[in-house]
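In the two complexes below, chain A is the common chain; its partner is chain B in one and chain C in the other.
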Partner chain A sequence: MSETFTLSINGIQVTACKGQTLLEVAREHGIDIPTICYHPATQSNGLCRMCVVEVEGMRLLQPACVVPAQAEMKVQTDSPRVHRARKTILEMLASTADLSEAPEIQRMMQAYQADPSRFPEAEPRHIPPIDDNPMYVREYSKCILCWRCVQVCAEDAQYTYAIHFSGRGYHTRIDTFYGLPMTATTCVFCGQCVGVCPTDALEPKSEYLLEQGKYPFPFR
Partner chain B sequence: MITPDRVVRTVCPYCGVGCALELHVKDDLIYRVTSPFDSVVNQGNLCVKGRFGYNFIYHPKRVTVPLVRRYLLEGQPRPPRAEAPQASYPGNGSTPSPWDWIETDWETALNLVADHLVRIYRESGPKAMATYGSAKATNEDNYLLQKIFRALFRTNNVDHCTRLCHAGSVTALMQSLGTSAMSNTAIEVLDSDVFIVTGSNTTENHPIIALHMKRAVRERGAKLIVVDPRRIELVDFAELWLPLRPGTNVAVFSAMAHVIVKEGLYNRAFIEARTEGFEEYVKSLEKFTPEFAENVSGVPAEDIRRAARLYATAKNGAIFWGMGISQLSHGTASALTLVHLALLTGHIGRRSTGLNPLRGQNNVQGSSDMGVMPFHFPGYMRVDAPGNAEKWEKAWNIEPGGLSRELGLTTTEILSHAGPHGVRALYIMGENPMMTEPNLNKTRHHIEQLDFLVVQDLFINETGVYADVFLPATPFAEKDGTFTNTDRRVQRVRAALPPRGQSRPDWQILCDVAKRIEARLGRPTAGWEYQHPSEILAEVSRVVPEYAGITYERIEKEGLQYPVWDLKHPGTPFLFSETFPRGRGRFIPLDYVTAAETPDDEYPFILTTGRLLEHWHGGTLTRHSSLDELYPQAYVEIHPADAEMHGIKDGMMVKVSTRRGEVALRAHVTEKTTVGVLFIPMHFAEAAANLLTNDVLDPQARIPEYKACAAQVFPLHEEMLSPLPRGRY
Partner chain C sequence: MSDIASLIQPYLSHGRSGLLPALQAVQAEYGWISREQAAEIARLLHVPLAEVHGVIEFYDLLHNKPRKKRTLHVCTDAACSLRGADQRLRDLSADPTLAVKTDPGEELQVEPSPCLGLCDHAPAMVLENGREWRILGLNGEWMDRPLSLVGGTVRRITARCGNGRTSLSAYGGYRAWNRAQQLSPQQVIDEVKASGLFGRGGAAFPTGLKWESAARAEGWPKYVVCNADESEPGTFKDRLLLADDPHLVLEGMRIAAYAVGASKGYIYLRGEYAYLRPILEQALREAQEAGLLDGFEVEIRMGAGAYICGEETALFESIEGKRGFPRIKPPFPTTHGLFNKPTVINNVETLANVPFIIEHGAAAYRELGSEKSPGSKLFCLSGDVARPGIYEAPFGITLKELLEMAGGMAEGGSPQAILLGGAAGAFATPRHLDIRLTYEDLRQASLTLGAGVVMVFDQRRDLRQVLLKIGRFFAHESCGKCYPCQMGTRRQAEILERLASGRLLPGDRERLEDVGWTMSDASLCGLGQTAAMAVLSAIKEWPELFTPS
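On to the complex of A and B.
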């Protein structure tokens, strides 16, 4: 094991190894930090900010999934400031994305008493499902841009690079290059993206059809 | 989003990687497949077949009722095959034919199978009986099948598709090291610093191992050497690509050995301590200069030198190979050249090194272990070596001297020996030789010579149409058992669904067939009363030392890599750390050999065949699934330079012909193939690559030469097609 040191999380002294993130250290010691975009099998990018924590001496809240633990750090994982930030993040997500098939996020909404109608002027994103291949369906209304699918399509697993972000700001979405149908891209239909999607925005075609009572269409 | 009734952990039924699957089931329908991220083999990653290729289970053409031909039910003699209509299922047409398929009950079907097998055995003896096992079926299924034919019919005419994929590698490894499996674990490639991939399009055929390889290159800085006639995807990750002409492996790898010896890059200590025959072998290398190899293979001599130096000077060098090495009329010699490289450099017997034949099927390793081979009892015990038959006679309650000690016929030979004085009855479990044998036109004549053919499968495939009785079996998701993957890991397969219709798991069908045969023959019972497949594996473990420590309880969570010598043994991730099974590794001097058929004026191309990511072998499964929607059609790959010379454009219909047959299909003009080389995938019945391939066999391994034959290609223009029929009414 590499060099170890101690830091304090919620007032408890814990030991960490060099290179570990705050999230890893906390989870190792049974301290729960909620995450959305983080997945142990993919590279963390600190995108959703659900895992933010308060670190003494740092001006901004720190994303625990990417910030390395350091000696003598004093970390609060559930302070009122952290709580408010997480609640707002969830409310903002709920204002634009369809979270109906993301039970984990729904549970977090309850835990943080997030109000899905806090931003009544926000416009939910309505993107029609893209059913352009026999393997999976993309329903970007449910997408929360966690980036995991892009990550496994690239260096985290498949080295295929079929998808990326397109658009900016509110219009940002996951897309193929030039918006081509998936069959016209480098996609090899491994479905690693479906495997890591947290909101069912990517869904196997068979499940999509079964929901509509059409599976095993066309075989039944 | 659907909440599953249950999530069942099992193993993928496609390739030899053996990925862990979680089948999500609702109302007995699998609607989603995931993989646990903590799985040791695949870390949550899957390929398109594993994740999406399961709905063949629900295909309407799946047969779920036992079928027998009308003539059998009516007790008639077998009518001539010429009267057999192409398809007569369900046999309720207006004009009944003796060949109509009639749906029947299990009792009737099993009794007919036993009656006719026993009749033929009584008439013609053991040599008239033969069987094909299945690398798709479980260890338990395969063990029972060979037990039936060995214990009851006293024949070693037992084989399966290992003959068609890695027989060359198995023979070479047996001769030189004394064993045949992959020496190391695939994921160890992450710590190799140089590795060779040859004759394997790993990205398409072992997709998850290819992910490990790409990661080794991109994240660990490993150097990859690809030796392959096709510009496969891994070439994008390679330090060196040696595009050799198909069938020139021996020259290229022997030239690498030549360089290693001449430049003194070999591992003297290892050679002295662990090998034999070095001096004589070195003499045989004289002729294999890199210039000679360049001349026959087209690979620049300098690249051969660079590859040799890279591999020889590596800290941990590994070799991975596929069927491009073994599927040749000199497949054994071809695989031996790779063994030599490892023995010269000592890149074996340590982690992240080794000789790694990537096994094709999910359970080809296991069915070989289970003795579904004509020369070996389970556990690779030679049938003709003293003491082995006695062990099995004891295990199966057979009188001393009862088991046959004669070598049986191999897969290709079983069919070529079909006829009134040769093989008369054949039992095929889950194989499709009418797609996978070479030279199908000839194979068709052979299969028509049989007197009685039983097919046990899911679909009436290209082979099933020749059957007399069709027994509906269950796919992987409807049965329990074990598969052994390419790195010798024995893993649990679990039933997620009840059998569809009246179909039954193979092991149950086989037990019932066996009991009926045994009763008719009046033999003392060899033991067929199994309540669960775990009891079958326990029987194997009692006799096969490598499996001694494997029980269902131990592999409940995670598989074990054999050899597992006892119940405490943790399994063996890599082999040969101390010694080789035959003692010293043997160098075997080689002469230059190449493909049996070389291009000439009439057939100027070399045709090579292979597989695609989206399909599986004979296509029985994938062509009945939505994978077929993703990749519906065959094509022939041709290099742009060749295409231009022959007036062929991308997507054009062309005819490819060899001395044995011809197929019409679309051309794909691509630099994925090299100049002078055509490539056709083997999966498509409507343009079956094996109508073209050469049925010449490797003299030792009896593997056919799928990877190189002389071919011609020309465009099919409108005016060359026959006019549409005029129509009389």
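On to the complex of A and C.
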């Protein structure tokens, strides 16, 4: 049995094992911490910052998905500082990407009373859909840059390396080599990227066609 | 052998880490990198195609579309815009021959640039032509290196600066390195710890502790990295040290390597400082030929236009041939740094302090400065002062004394605001003129010294325009990894556009505060954590600016 210790989350004493993250410990004890980029099958990059919590003695908020639990830690998962950060992140997200097919994020917006029109005159990331192969459609206006598709295409699963990033900062996009059509890349159409996409930015072609009132299944 | 293979021959053995130098070599030859060339580089270095594309896309100075061979980079950042840079950019975009002679039929790419680190040459311009870079001097002539104005009440670190490059013979040999070799590595570390030297790159971490941690870390090889990616708007002190006294920095690196047991060193030089590369190469050759670097191999790596690569872990990623995304810390570089090995990474000015400490001892070092901020500091004075330049002074000098040193205000103006620490810093006001410039005094006043930026704005200036420059800078330089900074820098810049054009909406001040505090509190790295400091300090000092009209 691995080494165990106790720490405090929201004033409650909980037991944790060495090597567990704060997120794992919290969820094990029924304490909810919201996440967006986190996925159990991919390496955690702590980039969406929705899972930030207050840890006593630390100057800045800490991402629970990557911070290891330690003995005697005192953690607050829903303080006013935490709330402000999460609400603002959600409001910025709503002003950036099309979240119409991201029900989990919509639920978070409700929970945090985030105003989807908080940022008037904000420039969204508008990118036309890319329909270049028979298997899936890429609607990057819906992309929230959680990185999961890039990760499963690379070392986290498939080792195909068909996609990576282009641009930088706000204008970062998921892209192929020199923007080539997916059929001209190393993509093996395994579908893992579609499976881990949280916003339907990657959508099966048949679902995409059905949504547009088209019949995607011709007779053979 | 293909043309590309021969161009990138020196980097083939580097694998992935050779990616940036390889891309830079091909681009220097052709002006841009075509799809076929990128694919050939990918094949030769065994890097996935999409990742090669991703790397080119990350860096401002790498191009994957055809373009004119020569580029004129026109700085339009805060200090230069005070001296007409924006108008100059418009004029030059219409007619580049105003600044550069061109042959018939030859065209020039004119581009706005973030701070070029030439605030003492404002409005600054740099001409890029393959590997040859030149800068526009104040007298209107193109030069192969800047002419820096150096002053100050002490000349401890800058003793040999101000007269062009110091050769090894003029430098007088590595006396501190000789003395270090009579000490054990731990004694060297103890001396640096006793000196109280803090990192000069902005974070002010105790240098001796950093060295000790890397020395004790398990793992081999160990690295010493000199962070010469000086890109904070308003900072140009490292440029001076590297240009005028490169051996001082090299000797500091050599001593650091001995102290921590490193066998390899890197100098990561800002891409826009390419004109310093020949100076560094010559100094390296001199030191190698004199046997001063035996057992320690030093390689120069060029940045490629990305402020974020001054962040230590993003810098490692860049050397490793990747996009400059900062890593989650901990683990810290001293245990898991470059190539995941124990690494000491120090700023140029930090390393330049080391030879004095080792040659003369910690007690002599502490004769300058305060108890908690020992030694001297290089201050970069820019903006509305009579003599913009680099001034060395002991910690504890006041802002007023610094301004006097720089000849006071330009054109008889009076100071309205002083940006301390650069774009990532905060605004001081005339009531701060008597504040002692030490880490402890500034911390108490909620100010920061950062890397030593003192950018002065007189009473004529519209601070809203200054804030807009800062906002645009961070929106341009955010790497895009973590959400608070990726979206926050953009939203902040949009609101600052409204502020600067007098179109603030009700609630904009609260939006700036929510975005600012979220970036400060929840961003992954120092860029996002400081991207709202100047704005938040301005809201505190001049709340009336943020009220919708």
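What we mean here is this: the second predicted complex is superposed on the first by the 216 of 220 C-alpha atoms of A that agree within 3 Å, B and C clash if a C-alpha of one lies under 4 Å from a C-alpha of the other, contacts with A are read in each partner's own complex, and residues count from 1 in each chain.
Note that contacts are C-beta pairs under 8 Å (C-beta built on N, C-alpha and C of every residue); 3 or more make two chains touch, one makes a residue touch a chain.
Predicted, not measured: the structure shown is a model, and the values here were computed from it.
Engineer: Which term applies to chain B and chain C once both are placed on chain A by superposition, clash or fit?
Structural biologist: fit
Engineer: Just checking: does A:Glu207 make contact with chain B only, chain C only, both, or neither of them? Give me first, second, both or neither.
Structural biologist: first
Engineer: Per the contact definition in the header, classify A:Gln158: touching chain B only (first), chain C only (second), both, or neither.
Structural biologist: In the superposition, A:Gln158 touches chain B alone.
Engineer: One more residue to check, A:Pro216. First (chain B), second (chain C), both or neither?
Structural biologist: first
Engineer: When the shared chain A is used to line up the two structures, what angle, as a multiple of 10 degrees, is there at the CA centre of chain A toward chain B and chain C?
Structural biologist: Nearest-10 rounding gives 120 degrees.
Engineer: Looking at chain A, which partner touches more of its residues: chain C or chain B?
Structural biologist: Of chain B and chain C, the partner in contact with more residues of chain A is C.
Engineer: So, does A:Leu7 touch the first partner chain B, the second partner chain C, both, or neither?
Structural biologist: neither
Engineer: Is A:Phe119 in contact with chain B, with chain C, with both, or with neither (first, second, both, neither)?
Structural biologist: So A:Phe119 only meets chain C here.
Engineer: Does the superposition put A:Gly195 against chain B (first), chain C (second), both, or neither?
Structural biologist: first
Engineer: Examine A:Gly169 and indicate which partner it touches, taking first as chain B and second as chain C; both and neither are also allowed.
Structural biologist: So A:Gly169 only meets chain C here.
Engineer: Give, as a whole number of angstrom, the minimum Cα separation of chain B and chain C in the superposed three-chain arrangement.
Structural biologist: Scanning every C-alpha pair, the shortest chain B to chain C distance is 11 Å.
Engineer: Mind listing the chain C positions that touch chain A in their complex?
Structural biologist: Result: residues 35, 38-39, 48-54, 57-58, 64, 306, 323, 328, 475-484, 486-491, 494, 498, 505, 511, 514-515, 517-518, 520-524, 529 of chain C touch chain A.
Engineer: Provide the residue numbers of chain A that touch chain B in the complex, in ascending order.
Structural biologist: So the residues of chain A in touch with chain B come to 40-41, 100-101, 103, 133-136, 152, 155, 157-159, 183, 188-192, 194-195, 200, 203-207, 210-211, 215-216, 219-220.
Engineer: Can you tell me which positions in chain A touch chain C when the two form their complex?
Structural biologist: Touch list, chain A to chain C: 36, 45-50, 52, 60-61, 63, 66, 81, 84-85, 87-89, 91-93, 95-96, 118-123, 145, 154, 161-172, 175-178, 185-186.
Engineer: List the residues on chain B that touch chain A in their complex, please.
Structural biologist: Going through chain B, the ones touching chain A are 1-2, 24, 26, 29-35, 37, 43-48, 51-52, 55, 58-60, 207, 211, 214, 218-219, 237, 613-614, 626-627, 629-630.
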